[in-house]
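Next come two complexes, and both contain chain A; in the first it sits with chain B, in the second with chain C.
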Partner chain A sequence: MQRNELKTGLTLISPWLIGFLALTLFPFLASLYWSFCEYDMLGSPRWVGLRNYRRLAAELADGGTFARALANTAYYAVVSVSLSVVMGITLAVSLSQKVRGRAIYRSLCFLPSVVPLVAASVLWMWLLDPQQGLVNGVLQTVHLPAQNWFQSTSSALWPSSWPADHMGRVFGSKDGLVLMSLWGIGNLLIIYLAALGDIPKGLYEAAELDGAGRVRQFLHITLPMLTPVIFFNVVMGLIQSVQAFTQIYLVSDGRGDPAGSTLTLSMHLFLTAFKDLDMGYASAMAWVMFVLVMLVTIWLFRTSRHWVHH
Partner chain B sequence: MPDKNLVPVRQKAFWAHVWLLLIAGVMTAPLVWMVLTSLKGPEQIAAAPYSWWPRPWHWENYAKAMQAIPFLRYLTNSVVLCLGSVLGTLFSCSVVAYGFARLRWPGRDLLFGMMIATMLLPWQVTMVPRFLVIRELGLYDSLGALIFPKFFGEAFYIFLLRQFFLTLPQEMIDAARVDGCSELGVLWRVVLPLARPALATVALLEFIAAWNDYGGPLLYLNDPQRFPLAYGLEQFVSSHSSEMHLLLAAAVLFTLPVVVLFFFAQRLFVRGITTTGLKD
Partner chain C sequence: MNVRNLFSAALVIALLVAIVLAVGVRSEGPPIGREEVVFWHFWGGRDRPIVERIVDRFNQSQDRYWVRAIAMPGSNLDLKFFLSVAGGDPPDLLNQDDPIVADWGHRGVLTPLDELATSDELKRLDDWLYPAARQLGTYEGRLYALCNGLDIRALYCNETLLAEHGLELPKTIDDLDLIAETVAPSGETTGRRRMGYLPDPRRLWAWGIVFGGSFANLQATDPAAMVTADSPEIVEALTWMAGYSRRYGPSELAAFRSGEQALTGASFPLLSDRRYAVVMDGQWRVRDLETAESAATANGQVFDRFAVVPLPSPLGGRSEAGWVNGNFFVVPKLAHNKQGAWEFMKFWSGFEGHEAEAAQACAAGGWIPASQQVVDQRAYQQAIERWPLLRTFVRLAASENQVPIPALPVASMYNQEVVRAAQEVLYRGADPAETLQAASARVRVRLEEVLDAR
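Take a look at the complex of A and B:
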């Protein structure tokens, strides 16, 4: 009887099982093996031991391309994820007010996230065009300095990357990418809105009776009740921003331009594999990236005990 | 005497609307700008001071954009890609989800856990060997390279469907089994008809994912005859990078179907996101 059930079960899931073995598990193990090889896809892989990993460590030590790719990725991930938390909560709280036409406001704020990445990238390249772009136009009408966005290597939140005579022109290519990612915040917004809706109304009523103002209600009820979603946002946002590729490839001419300032790990990896045909080195990089993301995720789960409210 | 509370409440609502209009305005301004700019002539785009409204309206930009790239060919490829992907996804994911949801068998939970774990695996880790597997299968440079893997299910959709299947009443499934239905028969006659909303969500999300996919064509396609729109549009970017109006017209045409789908099926989007978390 049990064998029969096992057979039926395995038969039903066989599409996934076959795909898993051929398109996930085998590639997973193969890339681990190739990370110890020299492999150009034309010949067969040649074992070189730890050479690829040593090369990564050397580049990390002397500030080579890998170190810069890691720094670019970290900047993009940290800035876009933290701003997405702030913006997600702000938008969700605003959009959960009981006003007429709320559904329309919500739809409009969600809309940008359905715009295909290719179209969004084309659009933002022009929105952030230093001369003709809408964003600089708006900045100048309110007497703020125009920014060079995708044509600048500067990062607004990293002062040592600012050009010497910046005159307030400190926003660069990575900040443009952050802006683009915030524009597509819709999915996250829906999750925050759902979480806000799940907070028991009685908590607010009780707080009001105790004389707590709106700010205190937000700090002592809303924020703690949202911590599970904030945690989800941070973990998923981190994983996704490290893997972000299409928009970065598109706005950087497929090269990580300007001057490697948008060469993130996923860009560097793709170019190493499919432009340089250095599959061994690319595989090693992929594994380092995987392990790093895992470690950060585990660390986040550990710290979550102290701040996530269950 | 008017109610004292009435005025502040109204005022509060007024400021709430101002704030919400501001937010919604900022979020949609890029799209409005895209549509309006796609209808301007090149001389107006270059002219200062900046003006939002096209003068005159250059509707011919759209015809020009469609002629500048093999639009119909790309569109056909996109439609084939989307239909094939949706078909493959619906078939594989519903069968697999049923196997995980409504049947007890040894090892099920372990395999299900493994499937969930694969969702956390960055695509970069498997990218290179996966590329070689697809190439070995003789699928390189064909839409098959993008459609074929869809017939093996995707963890996210399987999870979504399983969650839905779990909510169906066990009595109906048992009744069908007693009537002599095979497991596939139960799935086909009882479960799938009840799961239509969930299937629609999966179909919608997969259609859009296939429509938008850029990385897949970049990796697997070489012959321009096989490009879907998402990739063809980018080729247009590199060859016409100075003609903003045409470029944006092409981008509008490419975005339009997704936006229309969104307005018709908002509820499905929301369900897809809230039942399982994020989908990018």
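Take a look at the complex of A and C:
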């Protein structure tokens, strides 16, 4: 009876099992092997030991393409995840207030996240067009300098990257990508709204009796009670931002332009594997990327006990 | 309707769709008794009908082969082709314009043409092709690709605008600098609407050659000596290009260039509100000028006068020089119908008695043929009479100083590294020599690995 049940169970999950083995586990293990090989995907992989990893280390040490890709990815991940947390919570708290038309506002905020990524990217390329885009139009209306967005190598939060003649034009391609990532904040919003709904009302009532105002209630009740969700969103957001590819490919014309300022790890990996036919090196890069994300995630889990209130 | 009926109905509809599709696919097959040649190409837009006419003419001229053309416009044809090769089912023939011959030839993906053509044919082909067309298809002394058209770059100059500033057509680098400074004086001004000339980072490949440099030493046996992007002449060219970035500021340069992305359709920046006095571009813009002139005339507007000149060189540089690329045919190693592919390649490029046909196609598209013998045909001479600006491009096509990206098995990476280095210098203010040295070092490391793997 038990054997029959096992057989039926395996049969029923076989489509997923086959898919997992062929499309996830095999490429996962194969890429580990290839990372120690010279492999162009046309011939057979040839074992070269640690050569690909040594090349990565050398590029990291001398500020080569890999170091650039790593820095770009880190900037994009840190800035976009931080802003998405701040904006997500701000929007969620605002939309949790009992105001007329709340459902409409919530729907409007969620709507962008159902737009396909390619369509959204094309739309953003127009919005951020330095000469004809809506965003620069608004900036100029309020007497702020028009930005060069996807044409610029500058990063707003990295002053050393600002061009000598910037005259306030400090936002560049990575900042444009960060803005695009905030477009999909609707998914986070739903999670924050659900978490806000779960906070016991009694806590606010007790605080009110103790004389706490709205700000203190937010800082000492809302925020701590949201920390498990913030933690979840930070971990997931970090992984997603490291994997981001489609929008970067589209805005950088498939090359990581200008001057490699949008060359993230995923983009560099793609170009190395499929344009330079260097799958061994790309696989090594993928594994380094995997280990780095894992280390950051472990670090987040370790530190979470200090700031996440379960 | 219950679930079972719904499922049955869906199944019947799916079967009907499958049958219709299968019949549809069958009807596209070759005529009985003809061997199919599957041909992938990248041509789209206004060129695609011309390509379809060439294929039709070939099919009509044949009783043995039948070409099925599959258009794949966009930037990833190389990737699609590569995946088809890796999957074991490539097309019989591919028309490409990316620097892939050495990369793929080295990895044994392509059929060398000496396996398709007789030695006599190859010898004739060698004499028949322009030097640049020969270089485009050659890797390690073997021809892997047959060029069917060259893309030549020259300077388009708005003569009317230049005359308004008391300037003449540029003959030297100093002339070009003078044009830039006169039309758009350097200073603190932002939001410029017009420039005399602005170097494009991608065109270091052209200016490097013009300054007398060479991006590779293909005679060298040591991989480290093969890559020469950091040679003094190329550093000098990039330093000169960087002068424009210093003059106007990298931010202003990026802001000015960004406007070009927003130009409607395929507008030629030179034409758009007289944006540039001088701009480097390819022969295809000759047709754009004609279209714009017709539109201006129809609207009763006065149209500026334009001229095309070769890239001006500095003292010690090369004349009639520049970077060339082109369109070429390659036959995958695993192709099913290589002889059919070879026949079609000859037909389109004009080799072995097809010169008149090829001239007709090149004339229709405003393309530059790969051989003087095609240029000499009546149909093409008529095209030159129709578009006199084409004459300079045709003359440049024959020059020994028109050089493609070197045939190294890391050409794709090399191209990217050089362009990125130039962008670093122009947009970030990096040091030309150091940036080119670092880029060259990375390419050398990879080249050594690729050559070792053989």
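Please note the rule applied: the second predicted complex is superposed on the first by the 310 of 310 C-alpha atoms of A that agree within 3 Å, B and C clash if a C-alpha of one lies under 4 Å from a C-alpha of the other, contacts with A are read in each partner's own complex, and residues count from 1 in each chain.
Everything below uses one rule, namely that a contact is a pair of C-beta atoms (placed from the backbone, for glycine too) under 8 Å apart; a residue touches a chain by one contact, two chains touch by 3 or more.
All of these numbers come straight from a predicted model, not from anything done at the bench.
Novice: Classify the contacts of A:Val242 with the two partner chains as first (chain B alone), second (chain C alone), both, or neither.
Specialist: Only chain B; A:Val242 stays clear of chain C.
Novice: Name the contact category of A:Leu6: first (chain B only), second (chain C only), both, or neither.
Specialist: A:Leu6 sits against chain B, while chain C stays out of touch.
Novice: Considering only touches as defined above, state whether A:Asp257 meets chain B (first), chain C (second), both or neither.
Specialist: second
Novice: Have a look at where A:Ser152 lands relative to chain B and chain C in the superposition and call it first, second, both or neither.
Specialist: second
Novice: Pick one for A:Ser283: touches chain B only (first), chain C only (second), both, or neither.
Specialist: A:Ser283: touches chain B, not chain C.
Novice: Which partner chains sit in contact with A:Asp165 here, chain B, chain C, both or neither? Use first/second/both/neither.
Specialist: Once the two structures are laid over each other on A, A:Asp165 reaches chain C alone.
Novice: First (chain B), second (chain C), both or neither: which does A:Arg51 touch?
Specialist: A:Arg51 contacts chain C only, not chain B.
Novice: Please work out whether A:Phe274 is in contact with chain B alone, chain C alone, both, or neither, and reply first, second, both or neither.
Specialist: After superposition on chain A, A:Phe274 lies in contact with both partners, chain B and chain C.
Novice: Between chain B and chain C, point out the one touching more chain A residues.
Specialist: Chain A has more residues touched by B than by the other partner.
Novice: Check whether A:Met41 is in contact with chain B, with chain C, with both or with neither, and answer first, second, both or neither.
Specialist: Once the two structures are laid over each other on A, A:Met41 reaches both partners.
Novice: Using the superposition on A, tell me which residues of chain A are in contact with chain B and, in the other complex, with chain C.
Specialist: 41, 132, 274
Novice: Looking at the complex, which residues from chain B come into contact with chain A?
Specialist: 13, 16-17, 19-21, 23-24, 27-31, 33-34, 37, 45-46, 50, 91-92, 95-96, 98-100, 103-108, 111, 114-115, 118, 120-130, 132-133, 149, 151-153, 155, 158, 183, 208, 211-212, 214-215, 218-219, 230-231, 233-234, 237, 244, 247-248, 251-252, 254-255, 258-259, 261-263, 266, 269-270, 273-274, 277-280
Novice: Over in the complex, which chain A residues touch chain C? Could you list them?
Specialist: Residues 38, 40-43, 46, 48, 51, 55, 58-59, 62, 64-65, 129-132, 146, 148-154, 161, 163-167, 169, 253-255, 257-260, 271, 274-278.
Novice: Which chain C residues qualify as touching chain A in the complex?
Specialist: For chain C paired with chain A, touching residues are 75-76, 78-79, 82, 85-86, 103, 107-109, 190, 201, 248-252, 254-255, 257-259, 261-262, 410, 412-413, 416, 419-420, 423-424, 427-429, 438, 442, 445-446, 449, 452-453.
Novice: Which bits of chain A are touching chain B when the two form their complex?
Specialist: Within the complex, chain A touches chain B at residues 2, 5-6, 8-13, 15-20, 22-24, 26-28, 30-31, 34, 41, 91, 94-95, 97, 99-102, 104-105, 107-112, 114-119, 122-124, 126-127, 132, 134, 137, 183, 187-188, 190-191, 194, 232, 236, 239-240, 242-243, 245-246, 249-250, 265-266, 269-270, 273-274, 279, 282-283, 286-287, 289-290, 293, 297.
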